[in-house]
Amino acid sequence: MDFRFTDDQLTLAESVRDYLAGTHGPEVLRRLDAEGNRDPAIWQGLTEMGLTGLLVPEEHGGLGLGLVEAALIAAECGRACLAEPLVDTAFVAVPWLVRNGDLADLGAIAAGERQMPLPHVLNPWVADGEGSALESVDPLRNLVMFPAAGSADPYLLDLGALMSAAQLVGLADAMLHQAVEYAKIRTQFGQPVGAFQALKHQLASCAVAVEFAKPAVWRAAEALQDGGESASVHVSHAKVAASDAAVLTAETAIQVHGAMGYTYEVDLHFWMKRSWALNGAWGDRAWHLKRIDQAVIGGTMPIGPEHTFA
Amino acid sequence: MDLVYTPEQQAFRAEVRAWMEAHVPKEPLVTLECREGYDQHVAWERTLASGNWGMVTWPEAYGGRGLDLIQWLIFEEEYFRAGGPNRANQNGIFLLGPTIMEFGTEEQKARFLPPMARGEVIWAQAWSEPGAGSDMAAIQSKAVRDGDHYVITGQKTWSSRAAFADWGFGIFRTDPDSKRHKGLTFILFDLNSPGITRRPIRQLHGDTGFAELFFDEVRVPVENCLAGEGEGWNVAMATAGFERGLMLRSPGRFQATAKRLVDLYRAHEAEASPAAREAVLQAWMQTQAYAYNTYAVASKIMAGGKIGAEASLNKIFWSELDRMMHRTAMQILGAHAELKRFGNGQINQWLEGYIFSLSGPIYAGSNEVQRNIIAERLLGLPRVGAG
Amino acid sequence: MDFRFTDDQLTLAESVRDYLAGTHGPEVLRRLDAEGNRDPAIWQGLTEMGLTGLLVPEEHGGLGLGLVEAALIAAECGRACLAEPLVDTAFVAVPWLVRNGDLADLGAIAAGERQMPLPHVLNPWVADGEGSALESVDPLRNLVMFPAAGSADPYLLDLGALMSAAQLVGLADAMLHQAVEYAKIRTQFGQPVGAFQALKHQLASCAVAVEFAKPAVWRAAEALQDGGESASVHVSHAKVAASDAAVLTAETAIQVHGAMGYTYEVDLHFWMKRSWALNGAWGDRAWHLKRIDQAVIGGTMPIGPEHTFA
Amino acid sequence: MDLVYTPEQQAFRAEVRAWMEAHVPKEPLVTLECREGYDQHVAWERTLASGNWGMVTWPEAYGGRGLDLIQWLIFEEEYFRAGGPNRANQNGIFLLGPTIMEFGTEEQKARFLPPMARGEVIWAQAWSEPGAGSDMAAIQSKAVRDGDHYVITGQKTWSSRAAFADWGFGIFRTDPDSKRHKGLTFILFDLNSPGITRRPIRQLHGDTGFAELFFDEVRVPVENCLAGEGEGWNVAMATAGFERGLMLRSPGRFQATAKRLVDLYRAHEAEASPAAREAVLQAWMQTQAYAYNTYAVASKIMAGGKIGAEASLNKIFWSELDRMMHRTAMQILGAHAELKRFGNGQINQWLEGYIFSLSGPIYAGSNEVQRNIIAERLLGLPRVGAG
């Protein structure tokens, strides 16, 4: 029993964070927004970092890592509001293909030559892919409606939900950070607005929500990785907690920004909109809550102090 | 306490209902925050004016109907029942109109009010500056007297409607040595005056309804000053009082939202969360409570009373209620919430509404400022204090 | 259409408020708590004010007033945390007896010689009356379990719920006032705690909740008085809104009082406990919410902007 | 990340479970906040000590079992699974014990720790003063050095357990000219010393577990001072860190509450509100999240890490969660919520728990202070500021 990431995991996450911070800052988001959202050079960079092959078994040219590592990296993608659809292909489609023994495309995916956004019955559209275009509130999401009905496989749904949850805690972290930084420099009534206790306490409440959503996400990643019986319930917990933290943080962050927050000029809006999109993706709040309801009130899963890791 | 409408009030309701059913556009207009939508909304203002429904509470002499506040509430209820569009002329109707009636000269009333009522001149408000948002007393834009003109130099921002409107109003520092609330003057200006540059600001949703205004030695005749030189703060506070107070957000608007939310919930009842059900019930309760409170305030004002710091209670209540209702709708919509248009091409008005609702706790005096006002003026808590 | 109290109503409420403030202050509550809760002199005073006969028709020796006046006075009883069970007898039992044409006891009630707490199936115990004793968290409530099953009449329930709601807004007002007064005099970190913005904003939020519960109570009183079809739904709205405002204000008031709020020495606890008791009395939150649910989601009542007074 | 218990840990769990099932009283004890209940709880401490379960994380040399933090968590889970009573000795186990181990001399450790572990000496904490609650640096009680004694004069209040406990600890001003955080010293004292008067304070629920302490020239030997003279603030902050941090409220306690709440909900499912259902699901989610976080912090500490301002996140989370769960239970109980005992004579533990939960956001550093700490130390927001 050790609820910590390994040093290797932390180093990997940090290197991705640093890389994205250096190559995928807000000025890049604004450029992409103006120029059609996708930039092969960015995808190339992610491929060279090994991220497209993170979950691809080594014998197919990948790094052969697991869902815990993927969740950590997905959180970094959220933090950076990554425009490229890395998570959908590399952290959702790949482990599903591996589970299904469908290995043909793994090499191409690892090499960055193939993207594979997968539809699900609960999630008929995802970013990129082939199909009729839909316009998302998120300007960086190239949404398409798939022509065929998606899979109904619960494992695929769990993967999508887990990785959405991981992105959402990263998004929430980033929005909290942006709000804090703005509150330090914006002055009103002769002082930084961040010195006003009312804003301090709102931001502190966001920190509480985000910090207690994170361990639920890591625990869900571990559960799904291990394939335990209750893994789906933990994924649903992660999705609900991360979504709620992100929605709260988005509303607080815009409030802290005041009228500036309501403009397109402030970076915040990219993160808010991604949060709203992922809030509904891969099973919405009600869907995941119902799964928890069946387990907890319905009694299909043991609960109580001795069942922390049930 | 008499909560029954008179036959005259019922007849008036029937009249409004018939007119609205005949005239309200069947399809929702394009958002007011872009050129196309703005033009549609101005056209609607003129249609309203053609039925004499533009400024129902104004005196007939200025193009209104001289309705009392209960009639106004009935009008608003029927307006929103029919799905009436947002009002392009809102700054005129609710903010500037009442301000001119209270502080303007007879000549100013005659000059500005009738075209406003006819929807011919659309007004933008220009309060905020980059360094003066919640802290409006930090205003720096200057108006220097030069003969029978003021020469305005400076910058305003987050001016609603200013991207497209005809005229604007705001407060400017006329005494260069003054500080904070003193030495400010309330001035009306033609947005097409030489020296004014409008820079539309792209908003959260991507459209551009509000704007920055740059004033480079803009000459404005002295007769465009409302009330006396140096009286600007008092006039602006009265205007802001109208905004936060009774008239900016009539209950009908929120009751219509609550009704739409109930319909949305019913369509998704089987898969919705318990939180959504609770929120839908709260939506009905709170929109009703807001309506009762508004009727109570209207009754009080009609009997000669005044609305004071209670306006801050209102501002907080409707803005947080509106955000809550739209957030709930977004949760109910689930995966569909992010779509700007649904598969059938219909605009996702819940998404647009949610985004707009996020501005509610910010504009017209942030809710933090409102809570300070309640704590200090209504509850009597001490003003000074460290974080 | 005039959503105001008449001058007569306001004068009456004010006179009761002044009377109770003068004769039934916190020191009296403490004395009653120590000495068995009931004091015939207080009951006598209420009788002399005409309150026991407020709703008794004039021909039976009462004032013949209506439920709106009674609700206003009930709010004052809440504000004063009145120990004597005036509301149960005079504002709940009397109008029920009148409605049922059961007029025999009205004269004695108006004269203050008879108390008549009535049980209801949803509310098997009330303060005072005959039956086996139960201990309430409210030290001033002499709770008894009635030996016989109560009535199931919905009008009786509506009366009890309405008058509980009215007391709850008075209780909430009083708790808010106590918290504000304490916050003005308690200093920490060199200033009154009420100067800290975090406490200011919490108290302001209570003011919002209380001020928007009140009109729902007055509207429900008027509806029940008029006997409109939807009166019960409005009573339920009043009860839920008033209970929620009181529970929120109680939690905020104790927080503002800090450790002092957790003592029996501070007056606050009497008001909090009465709030908790009335929160569950005459139909609890869930029961009333269900009635609203049937009307609003169930569609048995018209809603929308044109139905403010439906 | 390894979320599987080792066979040794599983065996340990089985051992705790067996002992607890055999020893935990079948009937709930009377509340700790009255004489009868206090005595019952002290007897339970001695029973625990007889099984060597009193201070499981302490070194064996001081009467503990030398367990690591994961084992401690397992112990706590099983303790609360079995319905173990609240700990009379909590101030000793979680606050003073670790403080003495960190700051005490060898002699102090040998003198104070073993009797604490055996449940023979029960400790009260004495931090607050009437003018120093959240603002603990405003302490005024004085300890004046006189030879090899301190002479204490002053007043402490809201001292938990002090109505009945044997010894107390707190900080006192030893430098009469000092201000705020300086010049304070951490002193342990016998509550039966001449010159100490205890005035039990009646609490919200009517019982008297905490007390005011009046010190009238109370002589305390210098060797009862922990760490150096003038070091009191640092020691107290470390102690308060233990309190707010990992060990004061183990997750098992709240998980047990959540489980009882689920059972309560199931029994009232048909008539409960949507808000209650949502809250019950939140109770499970949040107690689990609290457990995960505690395991994560325990893992970090076992690997040599430290817990800092994150302790404030914990304090806010568990205290508001506990209040939410009990408030929800009160709503579910409806008319029964107000009864101190139900019709069958059973104590209404939800009511007792709700009342106690209201103190959670106040004690151990109010949640307002905690939010300041998070904002300033974790988020880096500026300290100074006006209201």
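We just call them A, B, C and D in the order they show up, numbering each chain from 1.
Here is the rule we go by: contacts are C-beta pairs under 8 Å (C-beta built on N, C-alpha and C of every residue); 3 or more make two chains touch, one makes a residue touch a chain.
As the structure is a computational prediction, the values presented were derived from the model and not from experiment.
Enquirer: Which chain is most remote from subunit A in terms of Cα centres?
Expert: Measuring from the centre of subunit A, the most distant chain centre belongs to C.
Enquirer: Could you tell me the distance, in whole angstrom, between the mean C-alpha positions of subunit B and subunit D?
Expert: Spacing between the chain centres: roughly 52 Å.
Enquirer: I'd like to verify one number: the distance from the centre of subunit B to the centre of subunit C, where each centre is the average of its C-alpha atoms, in whole angstrom.
Expert: Measuring from centre to centre gives 37 Å for this pair.
Enquirer: Residues of subunit B that contact two or more other chains, please.
Expert: Residues 273-275, 277-278, 281, 368, 371-372, 383-387 of subunit B each touch two or more of the other chains.
Enquirer: In subunit C, what residues contact two or more other chains?
Expert: In subunit C, the residues touching two or more other chains are 189, 195-201, 289.
Enquirer: Quick one: do these chains touch in a line, a ring, a star, all-to-all (complete), or other?
Expert: Graph shape here is complete: every pair of chains touches.
Enquirer: Using the touch rule from the top, collect the residues of subunit C that touch subunit D in their complex.
Expert: 122-125, 134-139, 141, 143, 145, 187-189, 193, 195-200, 247, 251, 254-255, 258-259, 261-265, 269, 272-273, 276-277, 279-281, 284-287, 289-290
Enquirer: Can you check the complex and tell me which residues of subunit D touch subunit B?
Expert: Within the complex, subunit D contacts subunit B at residues 273-275, 277-278, 281, 372, 383-387.
Enquirer: Please give the residue numbers of subunit C that touch subunit B in the complex, ascending.
Expert: Subunit C reaches subunit B through residues 1-6, 9, 68, 176, 180, 183-184, 189-192, 194-197, 199-201, 203-205, 207-208, 211-213, 215-216, 218-219, 222-223, 226, 237, 240-241, 289, 292-293, 296-297, 299, 303-309.
Enquirer: Quick check: in the complex, which residue numbers of subunit D touch subunit C?
Expert: For this pair, the touching residues of subunit D are 128, 131-135, 138, 157-158, 201-206, 271-276, 323, 327, 330-341, 343, 351, 355, 358-359, 361-363, 366-368, 371, 387.
Enquirer: Please output the residues of subunit B touching subunit C within their complex, sorted ascending.
Expert: 1-6, 9, 13, 17, 70, 73, 76-78, 80-81, 251-253, 255-256, 258-259, 262, 265-266, 269, 277-278, 280-281, 284-286, 288-293, 295-296, 298-300, 303, 310, 313, 316-317, 368, 370-372, 374-376, 378-387
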